[in-house]
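Two complexes come next, and they have one chain in common, chain A, joined by chain B in the first and chain C in the second.
Here is the complex of A and B:
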């Protein structure tokens, strides 16, 4: 291993495909407010170089407190933070090679765009010419060259967001923190900016930790997501892992829409499991196993359900109910089906033709069915 | 009923009335008296009527101004020196008030929320006692056989009493003491609104707390600094009571001269001229302040 390293460093210009290198390590970090309120409860995590890591959770879940501890604005009650192997737990914010893009940006109102971006550079011993050069390159990176002389209040929300990004990237931080980066923008602009932001971050190659309450934002931007609740991580994984393989009802419920059936394992075979619910019998064809008689939850995403007017022939994986609500979204339509048990489930149908495909209307009796790979069995 | 209500609503210029009352007040009690003072300053005697100042030549009215008072004002160095020393003491007072008041207001704004109302009340507490009484109290503290000298002598720090009374020192102590709340209050109002995120952003960008103070806090509280300085500087220029009670022969201030002209010399035109020039002196910083405020308002919109 060491010989490989020497050969590698002998030709520094060579582009190497390296195993992901750990940049940030947090060990058992805890923040207690007022002696008893645990905002962050014994969290450990590692973030690799180049990763975009999202902390996702509702308000008060501790995601912002965790981010502020990384930035150095809050002192952890317990635990340690390492950046590139160095313990930075006790380093004040202004000495950390970490920069943050603040929620609603916190651009200095008395300084121009140019001065805002140069603000951090002036604190380092950087030559005047180098500062100017860096600011110019940052301005062109976020395409604001023409706005250098403006004050922040003379810019639109989207432009302010880009200035904030440029300011936080100007010092070439090892780690970039994003606090609800798109929260202040309207929906249409947000979608556009999301991709822009990711492109810029990838262009610069900076490692990111981002905080958001918007699952879509986390999904589109992050390479890994930590779903947080009450100061703890509930699940950490890639966006598709967290969506398709939630490990608890809470995660399944928080990310996207989900129908959850309560049932009992009736049969546990090597290739399948059947779960008896009040409404239907689930036949789960993917590799899980459990004790017969164990009570579990079956999570089923609305888009994995197909609706029809005819009763399916199979004895598994279908249920019947009355259409009580139809919500048209344009690209898809969500049908609310009131099952005979009284439970209401949601089913999402893609509107891939211009006539509303399955022809269901209010009060119709409909059959919902799904395949044996569609559901996730939850034990919590 | 609603018809009557709507009729009144549409026909009573309520907004104009609400705005108009204070303006009427100012017109009657500020603008008109100032015009009268201006008129007196340009007449030969206090009793000169406006009509006698106007002479008719070939059907056109000509107003005859008498600038004698102003000419005298500019030739006698006493007045110039007095103005200068008034500005000097007002300026020193403002600077000292700012130096004491800014950190005070800053830490007050940063103190726990539940303590702030009490701290604010303590600032205003002196107003519960008469201004004159408080200035007199300083006199008893600072005279040669006053409290300060007695304590210092009994402690053996000094052998002979320090002459504090009737010096620039005693004047400034009185001025700073009296005007400090007027500096602290607008500064506190401004600093308590300062968004803590700006300070965090500065720290995040590698600025030490000390430099953040100079680079972010001070510029962002400029409006408060200007408001506080105006509130101290403007009344301090015309201050009469404090220099009269605590000042001495070498602390000439214009309020004193004004008093002498009116009541000792009984030279009303001269006194009015002194007053008019003083108003102009005060208007200048006011104009700067207003310009700054309107710039700010423009920047915000």
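Here is the complex of A and C:
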């Protein structure tokens, strides 16, 4: 027991440390609208205290519905929700120790910033002095002390977003729900605000469930991500797990850029696999669960590909093509390579010197190669 | 060419709409007892109005009925609208929604007549209500509720439902949501519903004629009955006073609204320029 504790604390906590304690448990939750639309389909999940858990998925996949069931605005058709061990499935929203920060904020337009933040506190039997103290501390947490008297329409988008955050944190909820918290901000402000938001959440130490359709946002903010599609979870894992080890084509495709080759397993050993594709031969340096002759997909991230003008000596893990497009991003450049089969792949090169890294230009013949741990084999 | 036609048309419409009103106001200062012949300017009819007890009593009665019935209309209309917009399924919903808008399309004569029949038989069986102030109020409130419900419903429909959810999320029970969030945001709609039903009641002749009893003549009823006996310039004076009061109210409220709107725009702009500094 004590040994585990020491190894735990010895680990560098790059991502926030996961407390072992479970806060939220959802068991087989389903929501059917109007008897036919299955918005959420038999989802189970647990969220530990202190985690930031992101629900990531395309439009209409049921993220908001799941979140609204947690908040208590929708009644699940089936399944149970437990918070800190207590069954809250039938508890109305106003009795749950859960607060939500709404998409587009839903600030009360007739109340000042101060009154908006105090709104939830006034519903509890809290002494006047305590309310004032709590509101002041919330205001300074989100750095809006100067704006206490303003009405919501007298604030910019970013400021409104911070008021909404302060309002949802004021009651010290056990669980904070965030529905597209940064959806209404422009891109530049959003990136700045993501980190601010995480800092505030960590300072308060509240557990969060966050809905977003922006994978970068999920990656930056969350300690765990659930990728959703059509009402179900496709994969749940830490950001790096989901990115580096997607379990299906859909996840690989949804998170970041990816090149997917279709192929057939030619050789299946415990320490390596070879996969024959139309374009090239893949040598994967780890075992997989599959059989010879099975058709699979090989996912390769653009940044794991190296481009050169000379043909590689090796007999596998490379292919050749013509440069058809060069997209310069500043920090890196993405090359689109048209392979002889007609397939176009993307390769991303870091611009770590001031001249263009590999001297390739439109129409050049280039060789893309990668190492044997770079790809992920997708069996479905 | 088109523009010219448009402008001419507009002028024609304005003349058509406002000529009678302007004439009426001018002739209220006419010394001659003949409504159509101008002799010289005088305040004679205003003096006559001040001494006309019946007319003044009618004005007061009308104001009283308009005030009370529009309060009732707004009250009942708000709850009807709330039930119809916030509760999508309850027994009798369709019935309520169609019933609440029936008075809008039903001719006043029919509404008045059926109400009268009902009241007469009620009085026959129960001995009350006596026709008079109360029965007029009832009729006006009935009609006004339908109008108020329409005004409030449209406001409720455009109100962000997430505000309700936010309030509930922060610990409000359903009635507290209504009292602390919905109602304050509804105030402008309640004011316009009040003004609308007030004017509806103030100028109603048909319902009032059916429902009033002896000694309860509203202003429009008095004007109407006197007009049948031959026009008397005192009526012009009453009308001119009414028009003055209404115009002042309308102009004041539109000035107030456009000021508030401009103020708001300035504040929004200010907020963004503050944020960018």
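Keep in mind that, in the parts below, the second predicted complex is superposed on the first by the 359 of 380 C-alpha atoms of A that agree within 3 Å, B and C clash if a C-alpha of one lies under 4 Å from a C-alpha of the other, contacts with A are read in each partner's own complex, and residues count from 1 in each chain.
The rule is short, and it goes like this: a contact is a pair of C-beta atoms (placed from the backbone, for glycine too) under 8 Å apart; a residue touches a chain by one contact, two chains touch by 3 or more.
In this text, all values refer to a predicted model and were calculated from it rather than measured experimentally.
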item: Fit or clash between chain C and chain B when superposed on chain A; value: clash
item: Contacts of A:362 with chain B and chain C, given as first, second, both or neither; value: neither
item: Partner chain(s) touched by A:155 [first = chain B, second = chain C, both, neither]; value: second
item: Which of chain B and chain C A:328 touches, first, second, both or neither; value: neither
item: First (chain B), second (chain C), both or neither touched by A:33; value: neither
item: When the two complexes are fitted on chain A, the stretch of chain B hitting chain C, from 3-11, 39-47 or 57-65; value: 39-47
item: Common interface residues of chain A - those touching chain B in one complex and chain C in the other; value: 71-73, 92-94, 98-100, 102, 104, 106-110, 119-120, 123-124, 151, 153, 167-168, 171
item: Contact set on chain A toward chain B in their complex; value: 71-73, 92-95, 98-100, 102, 104, 106-110, 119-120, 123-124, 151, 153, 167-168, 171
item: Residues of chain B touching chain A in the complex; value: 195, 197-198, 200-209, 211-212, 215-216, 219-220, 222, 299-300
item: Chain A residues touching chain C - in the complex, by the definition given at the top; value: 71-73, 92-94, 98-100, 102-104, 106-110, 119-120, 123-124, 150-151, 153-156, 158-159, 167-168, 171
item: Chain A-facing residues of chain C, complex; value: 160, 162-163, 165-173, 176, 180-181, 184-185, 264, 267-268, 270-272, 274-276
